[in-house]
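Note that the chains take the letters A, B, C, D and E in the order they are written out, and that residue 1 is the start of every chain.
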Amino acid sequence: MIVRDQPSSLTLFFVMQGSVVPRIFARMVGVALLSVLVLLVDHHITPLPQISIAAMSIFGIALSLFLGFRNNAAYDRWWEARKLWGAMIADIRSLGRHGSIFLANGPSRARILALAVAFAHLHRGFLRGVDVKPALRDWLDEAESEALIANRNAADAALRQIADELADLTAQEKISGYGQMTFARTLAALAEAQAGCERIMTTPLPFVYSLLVRRTTYLYCWLLPFALIEATGWFAPLLSAIVAYVFFGLQAVTNELELPFRNVQNGLPLDAMCRVIEISVCEALDRTPPPALLPENHVLT
Amino acid sequence: MIVRDQPSSLTLFFVMQGSVVPRIFARMVGVALLSVLVLLVDHHITPLPQISIAAMSIFGIALSLFLGFRNNAAYDRWWEARKLWGAMIADIRSLGRHGSIFLANGPSRARILALAVAFAHLHRGFLRGVDVKPALRDWLDEAESEALIANRNAADAALRQIADELADLTAQEKISGYGQMTFARTLAALAEAQAGCERIMTTPLPFVYSLLVRRTTYLYCWLLPFALIEATGWFAPLLSAIVAYVFFGLQAVTNELELPFRNVQNGLPLDAMCRVIEISVCEALDRTPPPALLPENHVLT
Amino acid sequence: MIVRDQPSSLTLFFVMQGSVVPRIFARMVGVALLSVLVLLVDHHITPLPQISIAAMSIFGIALSLFLGFRNNAAYDRWWEARKLWGAMIADIRSLGRHGSIFLANGPSRARILALAVAFAHLHRGFLRGVDVKPALRDWLDEAESEALIANRNAADAALRQIADELADLTAQEKISGYGQMTFARTLAALAEAQAGCERIMTTPLPFVYSLLVRRTTYLYCWLLPFALIEATGWFAPLLSAIVAYVFFGLQAVTNELELPFRNVQNGLPLDAMCRVIEISVCEALDRTPPPALLPENHVLT
Amino acid sequence: MIVRDQPSSLTLFFVMQGSVVPRIFARMVGVALLSVLVLLVDHHITPLPQISIAAMSIFGIALSLFLGFRNNAAYDRWWEARKLWGAMIADIRSLGRHGSIFLANGPSRARILALAVAFAHLHRGFLRGVDVKPALRDWLDEAESEALIANRNAADAALRQIADELADLTAQEKISGYGQMTFARTLAALAEAQAGCERIMTTPLPFVYSLLVRRTTYLYCWLLPFALIEATGWFAPLLSAIVAYVFFGLQAVTNELELPFRNVQNGLPLDAMCRVIEISVCEALDRTPPPALLPENHVLT
Amino acid sequence: MIVRDQPSSLTLFFVMQGSVVPRIFARMVGVALLSVLVLLVDHHITPLPQISIAAMSIFGIALSLFLGFRNNAAYDRWWEARKLWGAMIADIRSLGRHGSIFLANGPSRARILALAVAFAHLHRGFLRGVDVKPALRDWLDEAESEALIANRNAADAALRQIADELADLTAQEKISGYGQMTFARTLAALAEAQAGCERIMTTPLPFVYSLLVRRTTYLYCWLLPFALIEATGWFAPLLSAIVAYVFFGLQAVTNELELPFRNVQNGLPLDAMCRVIEISVCEALDRTPPPALLPENHVLT
């Protein structure tokens, strides 16, 4: 996630970070060159068939609507993913309070909170496809970390481990039925948030949308120069490039937000959010919390 | 569900899988041919009455809005269906944890989880209209499977069976009131997700929308060639075909997403999600989980 | 609710069922005739003042947005109503499971489920304004049916009756506090769904929208012929009729979906959903369930 | 809230009730007169600078989008407000059932329900800024009414009174912990609905939107006549007036829906909903319910 | 938050408060001057290349859609933030009622409510980046205030303090398991609202949108004068300025609503809402409540 102030008007056009320009520059130039070519041929060689700008306008409105739909859907996924992580942060903090209320701040509370942190890291590992064993070191011993990671769904295994801890407490009559229920409900909430993230990761937007929208965008940008011959004269290459910037740019943004867990510039800062959880848990356990993660070069991972 | 990377620009136009082109190709060609015919008649035989492109533009905006509405509604159904299945996955995992906390990992826990897997399969069977008896073999004995399937609402019967199991535990005083409540609530959540899926399957978008939108699309595409005569010249057949692609294509996508449980290319991967449930349950029961289902030829069923 | 497959291209234009054409045919013809008249006067008698098609285009976009808004709002009401009924179906099934878990499948369970079915029918009776006494015959004795129906809010009275049943069980110490809570919560959920349906029925879309949108639609369709004189020539009557079809048609759809409980072609199938509830309850009580309601002439009531 | 059937086509243009025309008539006439003036000056005195209709079209689309946004936001507030009141109705009914289940239909139940009715009236009093003391007379004695009303947040005080009643029952061991929890949860739901209504009342749409949208609407309507000179000729005054009707009219609607609790024609019928609550509570207490409020001159307050 | 009545038509154009005009005035004038320059050069020096207004129209629709999307997203954030604070107000009131029901209005109730007020202030301090120690003086003693503020997440620490209070009550057997559960749930709700606010504050809209939209707005406004040369003549500077007002203005609004907790004119009135909480808590504790915060110069902070 990029964290920076809005650039001033002056620097606005030179900010490259977080910009999609580098990725779509070739296409922008391509469309501009096509536009120049069309103009040259039309003026110096032979009049080309022209498309009325009004016809392109119908096409453009339809394209705007489709791009707009896909953009909305992708942004909703990104924001829902952030909401689910926010809910997980709140739920893990609640586990700490439950531990105070129902377990009298005993050792089981620390163990449950450590497993909850492990859950967050393991979930992040799944979503990002990274190895989180180093991150678990502060919370679980080596053997237990490895046992958890060996599971197909390691994050779910961490939640089961908490449940087993609660089962032990039950067997030892160290937890009341009220405590059981309260913990069970919070674990269920964590499981739901986890399943929500899995859903977003494993179920991309229907492939057919990508095809439909991307093909249409290409066709539109390639036909546009023929419509701009008369409508804009030598402004045509500039306008073509701008339209390509808007449409290809929006598409590139959409692609990044659609799968919000990847470690890309506009992805969600899973590392930083896991650290927020660690800080909260450390404070709940009266330990010195680690420092918050800071953006490096304006990017929070 | 189609699972594949975004094709590169080069191959974009040749990907047929997941594309709607095959299904609407005839209509695209038809509109293009009509356009050629109109041009030929207009140029060589007799000037045809023309429709100003601006008039078509009003029509086109209205059509875009209606198609956009229907597309949004269909996508919402598809995504809600996926959310409901995601909630079911989380709830079944929660049943496992509840079993640890309230049933001390006893044999009833295994039985309840097996019935939960059966619930998922039976629900899938209802939504897809397929026979799921083979899938139940690993979880229930033959007689019980058949007894469940004999019900009008077999998935609901599986949930009732879990309730009966809990009633037995109650009679034997092997479960506390807290456990009863916690299980009852999770079962209610499963029942709600199930009823949600039934709602999406049995209540399509109002039929009148289909009529309104489809008729309008046809009229639009048939009138368009008359509007393009002057506006685009010999680009007309190409533009007609593209517009037909966009509008008929969006309609075809909508039709597939509207009923998201069918075994079509853009449908939801119910088989794979049932397998995810089986894996989670196996891990919860310390059994070796079956392999995850992989996409065959980019399609996950 | 109309239940039928998408008609093929050929028959698409001849399907009258579920179509709004019959209801708006007069208006379509009226606009077309006005268009013919305008053309005749303009060509043969005296040139009429013309409205540029671009001016109508601004107007048309605004109208599309307002119609689109009203359509979205009406569809949301329709779909929310369906969701509420789906939730009621799930909740009544849950009552059955609660009865197994907390009442040991005793006679009170059957009584509670019968009252729940009565609740659904009585609620349907209120929403549709029909007499549901015959439908209660299978579930309650005559006197009790009549006592319930005598209430101003008969469905709420049925829920109260369930609460009284639970109060009796409490007095006889046949239900635990856990059971009380679980039932109380599910009854509250039923009450919320009921109040939601009452809300949709008694609170239509603000009347002022209807006025604004309907007046604007008429003005638009009456002015359109003047704008089409030059823009489309003798296509004008056809185009006028199509535009009238789209705008008046959407309005007619909206009117039907806005109040989704009425027994109209695009209304919700309350009868069929009550039957679904009866089937589920019969299965929960090990009785032979009645047959599902089937669409008659493609219409499910 | 206006309650009346859709007017037929004939009477549609003469319905003044619920119409925004009276409020915006001056502005409509103003724009029409400006249009006449512009035409006269342009034809008889000196050609005026003209604005191409296409330029106005860009402007008009932007304006439509902004008006549409504000309209959506205002409608959402109105509908959310209605949902919150619907939830309150359901919750108060639930209090009655809880009283049966957990308080054995004892006198405390009647007292709690009376306080709940008082809560609804006091909340209405706050939202409407009216004195509700007469409405409380049937439910509480004079002294208690006055004590409640003396609070800064009288509705909240009524809920606290219910909590105190429950505290008394607890002290007398007349209510179980299950009952405490169930009541506490329903009271929390009522408090949430109340806070939701307070939110809608005290937090209008950001003021800056009103400025932006209203200014833009005025500028648009004042510039429009210059654009219509050539585009529509002597239709210009009519078209200007219609456009003013659409844009100013939508704005007037939005203003009314934005603050849905005021006693205006399109406001929510708080009096009638309080009466619905009274009826439900009377039926729950076996008292004769008062008659439902009926619309007077099509308006339900 | 600005609290004032809608200005009348006359004063509408002279209200500067809450208006975005001061901030974007330079840009509006810049665009108008560019427009004058373009006209002068075109008329007196050399004809400039022109852009057809239709081409700008396509561009304008796309821009409207993107601005509309960003505006919707920002408004949703603002409104969700307000909802979360509304939920916190309701939850804190509920803590008071829970205290009556489960703690018999004892001293712990007052302590818990004081900590809840502290929670609200500390949360506000975090969101606004202000020192809230003075505000805590009425509720906690100096040492405790400082201890809380010393935490990295001070608001969370206040909730933990409440949990510790409940743990003490549990140790002294002064609270039942039902009370524990009820309090634990309400605390969890507060934690969720808190995490929601943190989410909104720390996760701005993706930076790439700002770049895309802002760049496009600038390009649009700079190109517009070339399109208006012929389309509007000497109206061009006025129209350019209006378009700049609409597009830059909407952007400025969006920037303010996107981060709704800052102490800006259109930000949320956190101070006033904390005061609402204090009033409710004082009334719950039978203390004299402080006066409500009133808008100063129409602004509520």
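Quick note on the criterion: contacts are C-beta pairs under 8 Å (C-beta built on N, C-alpha and C of every residue); 3 or more make two chains touch, one makes a residue touch a chain.
The structure displayed is predicted, hence computed values, not measured ones.
Peer 1: Along the graph of touching chains, what's the shortest path length in steps from chain B to chain C?
Peer 2: Minimal hop count between chain B and chain C: 1.
Peer 1: Any chains in contact with both chain A and chain E?
Peer 2: Under the touch definition, chain A and chain E have no mutual neighbours whatsoever.
Peer 1: Give me the rotation angle that lays the C-alpha atoms of chain A onto its copy chain D, rounded to the nearest 5 degrees.
Peer 2: 145
Peer 1: Would you mind working out whether chain C and chain D touch using mostly the same residue numbers, over half shared, or mostly different ones?
Peer 2: different
Peer 1: Between chain D and chain E, what is the gap in Å from one C-alpha centre to the other?
Peer 2: 23
Peer 1: How big is the gap, in whole Å, between where the Cα atoms of chain A centre and where those of chain C centre?
Peer 2: Once rounded, the distance between the two centres reads 38 Å.
Peer 1: Which residue numbers or ranges of chain B touch two or more of the other chains?
Peer 2: Touching at least two other chains: 54, 57, 61, 65, 177-178, 181.
Peer 1: List, in order, the chains that make up the ring, beginning at chain B and going on to chain C.
Peer 2: B, C, D, E, A
Peer 1: Spell out the part of chain C that touches chain D in their complex, as residue ranges.
Peer 2: Residue positions touching the partner: 27, 49-52, 54-55, 57-59, 61-63, 65-66, 69, 73, 151-153, 156-157, 159-160, 162-164, 166-167, 170-171, 177-178, 180-181, 183-185, 187-188, 191-192, 194-196, 198-199, 203-204, 206-212, 214-216, 218-219, 223, 226, 255.
Peer 1: Where on chain D does chain C make contact in their complex?
Peer 2: Residues of chain D touching chain C: 1-4, 6, 9, 12-13, 15, 18-20, 53-54, 56-57, 60-61, 64-65, 67-68, 71-72, 75, 78-79, 82-83, 86-87, 89-91, 93-94, 96-98, 100-102, 104-105, 176-179, 181-182, 186, 227-228, 230-235, 239, 242-243, 245-247, 249-250, 253, 256-257, 265-266, 268, 279-280, 283-284, 289, 292.
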